[in-house]
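The letters A, B, C and D name the chains in turn, as written, and every chain counts its residues from 1.
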Amino acid sequence: MKQSMTAGDAAELIPDGATLLIGGFMGVGSPHRLIDAIVERGAKNLTLVANDTAMPGKGIGKLVTAGCLSRVIASHIGLNPETQQKMISGEIDVDLVPQGTLVERIRAAGVGLGGILTPTGLGTLVENGKQIVTVNDQRFLLEEPIHGDFALIAAHQADYVGNLEYSLTAHNFNPIMALAGKTVIAEPQSIVPVGVISPDSVKTPGILVDHLLERQPDGS
Amino acid sequence: MEAKEIIARRVAQEIKPDTLVNLGIGLPSMVANYLPKEVHVFFQAENGVIGLGARPPEGMEDPDLTDAGGGFVTAVPGAASIDSAMSFGLIRGGHLDMTVLGGLQVDERGYLANWMVPGKMVPGMGGAMDLVAGAKQVIVAMVHTAKGKPKILHECSLPLTAQRRVSLVVTEMAVIEPTADGLVLKEAGPDTTVDEILSATEANLIVRGDVPKMRI
Amino acid sequence: MKQSMTAGDAAELIPDGATLLIGGFMGVGSPHRLIDAIVERGAKNLTLVANDTAMPGKGIGKLVTAGCLSRVIASHIGLNPETQQKMISGEIDVDLVPQGTLVERIRAAGVGLGGILTPTGLGTLVENGKQIVTVNDQRFLLEEPIHGDFALIAAHQADYVGNLEYSLTAHNFNPIMALAGKTVIAEPQSIVPVGVISPDSVKTPGILVDHLLERQPDGS
Amino acid sequence: MEAKEIIARRVAQEIKPDTLVNLGIGLPSMVANYLPKEVHVFFQAENGVIGLGARPPEGMEDPDLTDAGGGFVTAVPGAASIDSAMSFGLIRGGHLDMTVLGGLQVDERGYLANWMVPGKMVPGMGGAMDLVAGAKQVIVAMVHTAKGKPKILHECSLPLTAQRRVSLVVTEMAVIEPTADGLVLKEAGPDTTVDEILSATEANLIVRGDVPKMRI
């Protein structure tokens, strides 16, 4: 069984300079209370790995505004002009990675593979500086795994041992990132007793989850 | 009829029943509005649902159910939730029958550029590179020119999205099929002559006999 | 919506010489009616890709006994002495593949990757004749994707569009093989109307499934 | 006490609370019987359940719930079903805290051979190579000799399971820890002297001071 913790206590675990895998897609399925607590703590110099940086004032966008990030690895920053400004000014280093490649690189880290061999990005700028591996006369880009010091995961529901369920398009990167963080902190919308979630409904086994955020203090 | 409506109506005709189709955000997403009622397809949004439905009724929006642009959607009966690894596994693995994407430039090789303008607009490629590399059919839906300048060129000057020949280019002026021989003009827009197309296009177009008008 | 078919009609779709990915682990979670129908049809010269060949008289073991197979790619044949005998006599070519490598090679085929880079098998017989790729000074074996002409899948429940749910240890190779067969035939224990299975419970989206076996004719 | 019981009891002492543990079929699976009640762990079977439980009551067996040997099991509260890709993702990715495996040979490098005897027994490696390559801790549980012949050798003559030094070897005669310096004898079996161990072992064993007896 896991102890639950407050978002504030969770944010204290995360040192400046850490690499964070954060779930979510344009703010949907992101761990919002954790993000607020990291902003509150005034974290600095973080490396963010996420699909996108959402919009200013929403989800991951708040980390951009608050100046918590020095590096971003993402597939899309187009809806957050602040990320683009900070990239141009040099405040944030941005690595743009094709979305399918990004999620598969995170998975590779999580499942102990040495990288992925993908056709995506061949013959484009994405190819620059990367190994090309030929398999049966077909060329593939070798893209390296992406590990995180922490994975910050939003879930629909957890049980007391940390098993997680996700809902609809709030799955996105969350189940994959849960594999690839040295420490995994999950923010579920609700927490139920062991046995309420059927084994067949579990998408992230609790053994992957290190910390569980308490339910919303106001019960909402 | 507005240019975008012409394009969306014409692209809708390419969609076959019982297929899996990804519509990009913006103009491509309009295509769903013009699909004949009897054609059942599953729409996929790369953020993770197979069986994307229309906008939900006011007050019924679920914050956990949006399209790739972040807009509220519904799920049709028979829908399936998938995570991003499955979503792009389906795309890269050749399980996606068709993707409809916007374009900045297309060239005589049939190559598409649609993800950045160096020094001006660097939003990131999102899922575009995987979609163009992996979908069985890639349809580019775009207006024919940008501020009067051709977008269909001898060779793309902008960074490519993939080194892959797209399947079809649909604009308000023309339907163009990239082939090993070059770009073949298949149809002209409802109010467009072949001469008008040729003068709005930098790339060489192959014109074989009479070019029929789009029927939309 | 999909039409259902009989096991016999499904077996007719499978030509001699085809490569079959068949789900199951020691007979658990295998498409038993499909296997019986393939034996019934007298199929020959099939290549089997599966975790194991079960036991004589059970599941995939029946294909061995009936002489349907000329090649087997599996991780374990130890509980089926017939497979071992036919391997020694030369009737069946057997490729033994570490279990985690096997499932990941099938997944690579299904998700369009050029192969996998794994530490498993390094410094063992499994290494022989394979490319070794170095990533950040670590060596990995390059193992190639495994595609199937057909994937034969057992599922707990399907709906009319082919969405599949699995149960407990009957998941095993099934959800992964459903990605990697040119034609996918699913044998569910029950079939329910569209809408009965929640989108969040679907493990194999129906768009991957080409054919659905009818429910057991006797209703059992 | 029977050799196998000694081994299983001693291995059980290595298991730490709140960890994920994989027990191989045969002797290793006996370890679960000797785990103290207060030590809660999740057992994983590589065929796909986290939270494997004891044999079900007669008549309650589920054909869809077995261990890796095909025997009926139960699932404990809080169990999770996983497919083979997730199962081996957890193993290869370093999420499995411990695996307990049988062995044919172990050598001075700490390398294990346990999957084939060329020309005699070729069952296939199953999950063994992934388990030995990926688990955080690898414990070899085996009887000390085979038909009187040592199984702990200078160098394995049988094909290796992995080029990785295992964490611990537990037999009915000895607990041995492979280290960079060689095999260190940590404990002797309840009825065994150090001399008996040395004469039943081909490999050089490092003996440092008094060797305590197993406490089982």
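Descriptive notes on the structure:
Going forward, a contact is a pair of C-beta atoms (placed from the backbone, for glycine too) under 8 Å apart; a residue touches a chain by one contact, two chains touch by 3 or more.
Everything quoted here is computed from the prediction, not taken from an experiment.
Looking at A-D and A-B side by side, the one with more C-beta contacts is A-B.
Rounded to whole angstrom, the centroid-to-centroid distance between subunit B and subunit C, based on C-alpha atoms, equals 35 Å.
Taking each chain's centre as the average of its CA atoms, subunit C and subunit D sit 29 Å apart.
Looking at subunit C, one finds that residues 104, 107, 111-113, 118-119, 156, 166-168, 199-200 touch two or more other chains.
Touching two or more other chains at once are residues 49, 75, 81-82, 85, 88-89, 91-92, 134 of subunit B. Judged by the touch criterion defined above, the protein chains form a pattern that is neither an open path, a ring nor a star, and not fully connected either. The touching residues of subunit C, counted against subunit A in their complex, run 104, 108, 111-119, 131, 133, 135-136, 138, 140, 142, 144, 156, 165-168, 199-201.
Note for the complex: subunit C touches subunit B at residues 107, 109-113, 159-161, 163, 179, 194-195, 199-200, 202, 205-208.
If you check the complex, the residues on subunit A that touch subunit B are 25-29, 51-52, 55, 74-79, 84, 87, 96, 98-101, 103-104, 107, 118-126, 156, 166-176, 203. Of all residues in subunit D, those touching subunit A in their complex are 20, 42, 49-51, 75, 77-82, 85-86, 88-95, 134. Residues 45-49, 62-70, 75, 81-85, 87-89, 91-92, 121-130, 133-134, 159-163 of subunit D are the ones touching subunit C in the complex.
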